[in-house]
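Two complexes are shown next, each including chain A; its partner changes from chain B in the first to chain C in the second.
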Partner chain A sequence: MKKQIFIVPFLFFILILLAFFYLLMTERNPSELPSNLLNKNVPKFEANSLIKNEKFISSEEFGNEIVLVNFFATWCKPCLEEHSYIKRFSSEKKIRIIGINYKDNKKATINWLNKLGNPYSDIPIDKDGRIAIEWGVYGIPETFLINSKGVIKYKHIGPVTEKIYKKINILVEKIE
Partner chain B sequence: MIIKKIFIIFIFISQLLLSNSYSVEPDEILQNPKQELRARNISKNIRCMVCQNQSIDESDAPLAKDLRILIRNQIKDGKNDQEIYKFLTNRYGDFILLKPTFKLNTLALWLLPLLFVVVGIFIIFLHNKKSKKI
Partner chain C sequence: MVPYIGNLALWLSLFFATSQFFISKKNNLKLIKISVNGLLISSLVSFFILMYSHIISDFSLLNVFQNSHTTKPMLYKISGMWGNHEGSMLLWILVLTIFNYFIFKFCKKNNSKFVLKTLETQAFISIGFILFTIITSNPFEKIIPVPENGLGFNPILQDPALAIHPPLLYIGYVGLSAAFSIGVATLSLNSYEKIPWYSYMKPFVITAWTFLTIGIALGSIWAYYELGWGGWWFWDPVENASFMPWLLATALLHTLIIVERKKSLQTWALLLSILAFLLSVIGTFLVRSGILTSVHTFALDPSRGIYILLFTAVLGIYALMLFWKKSEKFFDNNYFAFFSKEGSILLNNVLMVVVCATVFLGTIYPLLIEALTNNKISVGEPFYNSTVIPIITPAILVMGFGPLLSWTKEDKLKIFKKIFPSILFTGITTTFIFLFYQSYSAVGILGIILAFWIISNNLFMIFKKNRNYSTSMIISHLGVGLLILGITGSSVWQKEKITRMQIEDQTKIEKYTIFLEKIDEIKGTNYVALQGNFLVYDEDKNVITRLKPQNRFYPITNNFTTEASIHTNLLRDLYVVLGEGNLKDGWVVKFYYNPLVIWIWIGALVIFFGGIISISKNLKKLRILN
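And then the complex of A and B:
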């Protein structure tokens, strides 16, 4: 009986080992940062617009169609890298894109967009990073896919690459 | 030789003191010391999401600074600590807390070490009893 008791911690250890093994084998990306906003409504916020004379009011902008929200700035190099893909979403896929201009200079942004092209339907200005916190942003660029009910369905941290561009397009087709 | 020893002790002590470096900038500090203390205590438990295992109180990252300012603004607005934690976890998840909360999906995290200790003590107890008999 007593000898059998000593088997208990051994079995316990095996069980934990199996649990770890299972977690290792299942498809997970350890570098993926968790997002708490997935499947939740877009955060409510108001901001001045860079390209329009009226205020950007989020509750009026989401919930009618699929929208991409892209946090960007002219000082951010990866934003420059992904800009061609953001333009492709707008020109090839006809997706409405809202670009949130993060801690940037107004003039520099206008010049940047004039030079590279403007894929954004509106550009709310996030002067102090407060809107980014509302969206749980870690660092720009970040891109969110919002469905036609105004719910966040996907979030990508970092620049949009060819792989991510394809992934988002598949997701758009799925949620359409 | 003695000078060398004193030098080593000096380096050791200075490292101990320096390890508690904080990144709060003068313009961030609240005028009310009680409110500032609350802000510091909350900041020490909030993870800097873009750093390696640092709290926002210790980090120079821009996001950490933004979060420190946000916490201080919320304190000034009369929010209590729980409301501030809830605001942050709603946006960044429990991952933002350096000390995980005690709830159903963190139960194993909190209770397993305790279970290991209890099982360990039990085994030692049985083993001792057995060896005494021999």
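And then the complex of A and C:
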């Protein structure tokens, strides 16, 4: 009779394991916060561009094609980690990417991009973090997917990983 | 060149761990000695080579590049080595192999089978962690081309308490691995009667418990001084991940006292030894897989999560299957009276495990809800306060008189005589305190009663003529009493004031008047800071102290941190944080009045000393036995 009771810890453990495996496997992201901007038009803003001599005017840039918006900075370590994926969006998937340079140093950013490669078609400068506030940025890096009508369809907080890279690509195919 | 040696040493550790695993199945002490020593030396080499690379700022290593900078102070170059995921794995492996070495030291002819079985499990654990490091988080990964300078180290981690927090905590976790291995060895051997396995397990459990205690306390000290939130415990998932094994270790070490004395509850102790380490590994999984977010989360990498989870699964399934199949022979039917020493320990045990289960539920509940319903919920302080306090209160009451009870059976009248002085003492002290401070709150009164209940019982025990009480127990329990005093004071009577101040403004908190004299700009080694100068006056207009909180900016990582400034005495902390602001609009300033905080750290330190005494006592006992 006693023996049966000793299986209880084992069963509990299996249950907990299953829960953890389920958590790992589901397309769940702890850094996914519900965004009020989802399915709304991109916020309007103007900013100086890091790489072009003309001003970046948001109303002219969005609404023609699918665009990724990536908030980044050279001082942000996860941005370095995700950079290879951002590059793959531009080189492999030919998606237009706008990189918003958040509270950063101009010279450092240019160096950083020279060293790591520049996937961005334009880089508006967000010196004081105003643009980030407009976009409801919670902490960089953050990546937004905007459809060809200029509507935000997806937002990811934190570095883009393999999983997120695939997810965004699927989303891109869907909205195309 | 040097990093290659480090990498080679890491692979050598894997080799020696594997050879230890296979050789321990055979009774060849010479070969096993080579493996154990080889494992220790190779992990020492890889550890110190990574440390060396951090010290000389060798940015050809990705790990150094990502976490260091030439301007970083030396202390943090050293501690920065284990302040990141990859480096911390090397520390983990090193501690593991040091424990492995000590287990081997207990090996004699008459117990070699038992020790070898323990070493086999220990080797398996080592293989798991070394493979994990090599496959998913090798700190010796190179970066080409070599960058000129590093990315810098998160400045919030640049704190002396935090520099030594990981090593102490790891001694705790890994100490539990030794208990796990001993548990598994005991279950899988048939000749268990001849070996007093509990006497082998006890020193390791006490070591683990002692260092977990001080490790957790240092983490709290860091949170208190560095985060600038005025508190020291936030029920953060990572804090919980260290608190849960601590609770089980507490239960286990008390159970081992009964096992040693009465030979009963062996099954229970074996189960606890397995669960305590499993919980440590699950904690590692929670922190490093990125399935939850917290201040501690290391870089998110899903492959790490899967690996640790698989490893946990193998360890847990093996150990718990073994428990299921083999533990029956350790079971006994010696029920005992509630009013006895063992009865009180058992009750405490159950309560500790219930607290642990509650904390576990609170930690993973939000994850489960999110996975099942897609809703975000958070489980915070209110949940833990309303669940943990009612469970832990009876545990503390019992803790007060439990040690006074005799083994087997106690006369109820006699025990009342024994505890009467402390009931009186507790009553008088509590009444006195509340007459004086006149700040009544149910939880506050309860906390003060519990604290003095523990303190007085243990103080009276010191002065008892018949001294069968263990000194280490009395010291540790006294520490717990002081700890409760600090926890109660700082959580029940904390006062907070947030205000905007301009230069030469003044404000009041409790009986203190605080005057903002000026704000200076100062320059540190790798930061610049704004420093407020606050004068604190008491009721009689005497200056008590000058508080200088800083708002630091680290240009390399582009982070801001706040350095709280704190005036401490035995009764209260005055805690000031300088927030954002400018000359025109003034600065946001936060003040906290935190009663009795210092007693939390004093309590933890006293517990630690009690633990240290107990470690040496139990090691001596084991040596005699050997």
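Convention: the second predicted complex is superposed on the first by the 144 of 176 C-alpha atoms of A that agree within 3 Å, B and C clash if a C-alpha of one lies under 4 Å from a C-alpha of the other, contacts with A are read in each partner's own complex, and residues count from 1 in each chain.
One rule holds in what follows: a residue touches a chain if its C-beta (ideal position, glycine included) is under 8 Å from a C-beta of that chain, and two chains touch if they have at least 3 such contacts.
Keep in mind the model is a prediction, meaning the values are calculated, not measured.
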First, second, both or neither for A:F20, with chain B first and chain C second: second
Which partner, chain B or chain C, touches more chain A residues: C
Chain B versus chain C as contact partner of A:I170, first or second or both or neither: neither
Touched partner set for A:P159, first chain B, second chain C, both or neither: second
Contacts of A:E81 with chain B and chain C, given as first, second, both or neither: second
Touched partner set for A:G139, first chain B, second chain C, both or neither: first
First (chain B), second (chain C), both or neither touched by A:G129: first
Contacts of A:I57 with chain B and chain C, given as first, second, both or neither: neither
Which superposed partner A:F6 touches (first chain B, second chain C, both, neither): both
Chain B and chain C footprints on chain A, overlapping residues: 2, 6, 9, 33-34, 103
In the complex with chain A, residue positions of chain C that touch it: 66, 147, 151-152, 267, 271, 274-275, 278, 282, 285, 289-293, 299-302, 305-306, 309, 312-313, 316-317, 320-321, 323-325, 327-328, 331, 364, 367-368, 370-371, 376, 556-559
Chain B-facing residues of chain A, complex: 2, 5-6, 8-9, 12, 33-37, 43, 103, 128-130, 132-136, 138-139
Interface residues, chain A side, partner chain C - complex: 2-3, 6-7, 9-10, 13-14, 16-17, 19-24, 26, 28, 30-31, 33-34, 73, 75-78, 80-81, 103-104, 115, 158-159, 161-163
In the complex, chain B residues that touch chain A: 49-50, 62-63, 66-67, 70, 89-93, 95, 119, 123, 126, 130
